[in-house]
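What follows is a group of structures, each given as structure tokens.
Next, two complexes with chain A in common: one pairs it with chain B, the other with chain C.
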Partner chain A sequence: MGKVLAIALNTFKEAVRNKVLYFLLIFALLIMGFSTFISDLSIAAPEKLIKDLGLASIDFFGFLIAVFVGIYLIYNEIERKTIYTIVSKPIDRHQFVLGKYFGLLITIYVNMAIMSVFFFAVLYFRDATSQDKIMDLINPEVNGVRQPVENAESLYYWYHFKMFFIACGKAVVTLFGYSEPITFHLMRVIGMSALGLAIITAFAILYSTFSTPTLSAVFTFLTFVVGNLCEDLLRYAERLARNAGGLQNLSGPDVLKYWFVTIAMHITPNLALFNKRSEAIYDKWDVMAQTERFVAIDPVQVAYGLVYVGGVLCLSCLIFNRRNFK
Partner chain B sequence: MIVVETNKLSKIYTHDFIDVEHGRLRFNFMRRTVALADLDLQVGKGEIVGLLGPNGAGKSTTIKILMGILFPSSGSAKLMGRPLGDKAVKAKIGFLPENPFFYDYLKGEEFLDYYGQLYGMSKADRRKRIRELFDYVGLPDHAPNLPLKGYSKGMLQRIGLAQAILNDPEVVVLDEPQSGLDPLGRKEIRDIILSLKDRGKTVFFSSHVLSDAELICDRVAILNKGRLVAQGELGHLLSSKIKDYEVIVTGMRKESVEALRPHAIKCIERDADVLFIFEKEDDVREVLRRVIDENARLVSVTPRRDTLEEYFIREVTRGPGAAETGAQGGAA
Partner chain C sequence: MTMPGRLKTLFVFVLLVACVAVATTIQHRQLKKVALSPPFHDTWSLSGRSAAVIDALALGYDLVVADFLWLRAIQSFGGRGMTNRDWRPVYDQFDTITELDPYFESAYTFGNLVIGDEGGRQREGLRLLDKGMNKMIYGYRIPFEAMYVAHWQMGDTRLARWYGRIASKRRNAPDWVPRIVAYLDVQSGQFYIGFDRFTGNLLEGLDADDAVLRRVALRKVAEAVDKWSKDQILRAYDEYTSATGQPPVTVEQLAGQPALQNYEIASMTRLLAKIEVLQRRLGRPSLLETVPEIGTIVLPTPQELAEAEAATSQTLAVKDLRSLQNEVFRYALTRRSGIPPEPFGDRYVINQTMVGYPHADRENLVVTETERRDFLKQILGALRAITAERRDELGRNPQSWREVFFTDFNTTEPYGGKWEYDPATAVIRSTSHPDL
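On to the complex of A and B.
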């Protein structure tokens, strides 16, 4: 375990000293920051737009890190021949693969944590500086009548300054379970997204054990796209069968289509299971009951994700165990 | 006790069906290259054994198989009496690959600490051992805190050697340890190898420069085109005719160096050290005379014989049967 940890921490160190990571992180933070301005275009629910864009950015940039850092991790070790000195040490090859995987996962999760803190800070700050609250601050209601306060301008700026730091503080503690209505359940969504990324990262590592970085990137991207469309494609296959009046009535190319889609979808991970964004953002309110809906985390889905990660890592180790390093 | 043993060890590479060569597609139907064929080799405990041969002879392939980097196509090998890949044995072996490229984003100390963790050493042991090793391999004081990307070729070779002996191994395997180093750097590596022998270590290394190998090896094995063409003491294998002399002195006066320079094939100055390479023995006598007169210090005098390539060219051009020409094709 100590050796896996050593490799993981070295992988993390390598990623942290890689400039690509910072470009991705800065870009993600810019998008989140920019979302507050775009949200003003939304008349009905600006915070929905910020949440959707923020959560999507965290997920997508986590995916980009998995691809751009992951595909090079093992390839570079072989290409630069650093693998020679590693496999000659008293470690098993699978320990190396696991170390690389967990190192990349640490990198992705640290980045997700930074993006999440920024995202929560934006939400808290916007919430604290909403028009109503500012109005209450500079034009407080006294006996049912709004009256302007003295030095409103300096109060306005001081309030924003103070709220900035409070929002940052709240954002950090939100990572550890604190929440307010504005950030309710968002950590659950990010947690599930992190599990989905653990699967994609395992695939990035798997592809990089036998392929070039370009092909690994293509394969990982395809896995991501197909994994997210999994449920839709399965529905398509079911509809094919239904339209034909049953599976036995399928004919010609439809049979091929049905079985190809069905088999392919059972091999590909169903990444849509780990996307809880819409549940958290759009279905938050149960209109009839006037209460917030719970973003449920199904233990079966979590187990599915973990088993998938385990399976893909086993396959990666099997391939890597048999590789010759010329 | 035998610490390295190979039995009919072979490695055959099968080419990809399609590959790009010189910008053109090439189709390889069942194309194979024999990199190593039926190698039988033994290295005894405490010996310095050189695996010699020209480029592409199969030296690196042999070492890579022993280190678990490649899998043999057939045959078997044992290290310290155990089959390859045994972790307990790996913990007692140190390895330096050819032209090593290390994690250039790590500082010297971080790099050795990482490898120490892979050996399962405790933090206190790592700290103590790393401090000792920086001195032992002759790295400058600022090296521990310098990222490896700032290291020169010689410094990289030294830190590579340091990671190979970090675990105080019983067997040290070095692949072309002197490759790309200047003569003074090569001498320093030679000295380190000899000091390892003094400490009871077994050293198995590959080289294609016989002049260096013959100074330190107890025994040599010579490979050509994947096959073992000879093994034994180097003196028995090569002509005893001296090609030139390498002389290293320190503290010699500038005028003397300038006076000797026209007679030397090569003359390299580094700080107070001067390295000469002379063709004639008389020139060596002249250097010795001046060293005594000027109270300078003689570091070494090394008679140099033919290189391995010259030996092979001579053996091969002598005609069939003089040396085994080995398997078809070659790679390493």
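On to the complex of A and C.
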């Protein structure tokens, strides 16, 4: 375990020196910051636009980091021959693979945390400086009549300045469980995204154990695509069977298609399970839900994610164990 | 302790098989669940409706794609508003947005505004709202908006009522929604329901001592009874016309028609009598003496008050009127024959102007005496204004109606009288009311 951790920390240190990581992070933060301006273009539901864009950015840029950083991790070790210095030491190959995986995962999660803090800060700041609150501040209601306060301009700027720091503080503590109505259960959504990214990262590591970075990137991206279309594969299989008038009536290439799709949808990761974004933004369908915008976490889905990661990592270890570095 | 190489490989292989087996089993169960809840529309399609394709291509980022399409739709709405005002393509945009993000309430309501209000395609607007209503099963806003479209834009009161009833039962529906629906109940001929709802509002206003609610509800109850009475007379009107081949001249001619024999209707005076007695029983101030707006409505007679007194138990098990709504409602219903009384103390008459007029609104056929007189005043006012205008154009008094209207003036006088025009003075009068 200590060896795995040492490799993981080393991988993390190596990854944070990667310039691509910073470009991706800056781009993500820019998009999230810009979302507040984009939302002003909307005639309704600006908060929804910010949340949609923020949550999607955290997920998508996490995915890009997994791809662009993950695919080089093992490849570079082999390419630079540094793998020899590692495999000659009393470190098992599977420990090396696991170390690389967890190092990359730490990198991704640290980045997700930074993006989340920024995202929450945007939400808190926007909420605190909404038009109604500013109006109450500089034009408060006294006995049912609005009266402007003295030094309204300086008060306006001071309030924004103060709220900026308060929003940043709240954003940090939101990572550790604090929430307000505007950020209610958003951490659950990000947590589920993180689990989905753990699967994608495992795939990135798997592909990098046996192929070139370009191919690994393509494979990882295709895995991401198929993973998101998993439920559509089910619809397609159902449709094939329905059009034929039942499964027993399928004939010719349709039989092959049906079974190919059925097997594919069972073995590909169902990434839609980890997409809880719409639940965080809208009311829950479930009448038994305790609160609005309730994001339910199904332990089975979490178990599915963890087991899936375990399976992919086992496969990676098996492949890497059999790899010849001569 | 280290494991030999082969054993380690075997262990990892066994772990792999175990993980894959568990993951596949869970996935199989998850997919079974997915299969049980089919999508609103078939999502696997690379042709036909664009939403299905975009949904697949969005790769889980449906909400973001929907947001950008939403911003584009707003731009498109503005752009088309300033150019060709062809909203049809915008409809497809909203359809796509709401497929990608089925819970985007603003997309449904704004889409309906674009398609229905601006584009004049209310049916398509309603279809979009229907989609939203079925998706967002707790929100009242979408069915409420559909109700608005159906009633105020399409004139379909029954459809509006259907939407209204859905809206009023939604979890977040404000308490004013059922009141609007009660109005539609009355408008669509559901008098029992409308009367019951407004009675409920009145009792609520009395319980809460809410002067505004009490005043509005009292007025609405009276209007519901008025509408109900008019509807009953109109049925008799149709029976009379069908039996005699000609329309009636007076309401009294209808008194013998089957529709006005032993029919059930709500009585405003019985309702007030019952509430008055209950107010006393609860130790509250008299409704009839303390509510100023009651003055415009016919009050119960001492006999009616005595009857209500006799029909009400001396001790009440409850402390509020709302709990007694069913009792009040049932008591207010009465069976009677003949022309129903007008709740505001007026009397019902037939507006002769509307008799036989093909575009007449049936609501204007049977009116109150005051309304008929106002109607006559309005016609006279309009005629005088047109005549004065024509006189200014000609520089002299018009010599006949033809010189004013360029055709004969065929509008029937509301009382069945004649129009008189004096070319010497250019004064227009009605023979039934020469004083007006």
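Throughout what follows, the second predicted complex is superposed on the first by the 316 of 326 C-alpha atoms of A that agree within 3 Å, B and C clash if a C-alpha of one lies under 4 Å from a C-alpha of the other, contacts with A are read in each partner's own complex, and residues count from 1 in each chain.
As a convention for this text, a residue touches a chain if its C-beta (ideal position, glycine included) is under 8 Å from a C-beta of that chain, and two chains touch if they have at least 3 such contacts.
Keep in mind that what you see is a predicted model, and the values were worked out from it rather than measured.
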Based on the superposed arrangement around chain A, label chain B with chain C as either clash or fit. fit
Could you tell me if A:Thr212 is touching chain B, chain C, both of them or neither one (first, second, both, neither)? neither
A:Arg17 in the overlay: touching chain B, chain C, both, or neither? Say first, second, both or neither. first
For the overlaid structures, how many degrees, to the nearest 10, lie between chain B and chain C at the C-alpha centre of chain A? 170
Name the contact category of A:Asp92: first (chain B only), second (chain C only), both, or neither. both
Quick one: classify A:Leu41 as touching chain B (first), chain C (second), both or neither. second
Once the two complexes are aligned on chain A, which partner has more residues of chain A within touching range, chain B or chain C? C
Go through the superposed model and pick first if A:Asn243 touches only chain B, second if only chain C, both, or neither. neither
For the superposed arrangement, tell me the lowest C-alpha distance between chain B and chain C in Å. 7
Note: overlapping chain A surface for chain B and chain C spans 92
Chain C touches which residues of chain A in the complex? 38, 41-45, 48-49, 52-53, 56, 59-60, 92, 94, 224-225, 228-232, 234-236, 238-239, 265-267, 270-273, 275, 277-278, 281-283, 285, 300-301, 303-304, 307-308, 310-311, 314-315, 317-318, 321
Sort out for me which residues of chain B touch chain A in the complex. 13, 64, 67-71, 87-88, 90-91, 93, 95-97, 99-103, 105-106, 110, 114-115, 117-120, 160, 163, 173
Chain A-facing residues of chain C, complex: 8-9, 12-13, 15-16, 19-20, 22-24, 26-31, 34-35, 39, 42-44, 56, 59-64, 66-67, 70-71, 74, 101, 103-106, 109-110, 136-139
Residue set of chain A touching chain B in the complex reads 2-3, 6-7, 10, 13-14, 17, 80-92, 322, 324-326
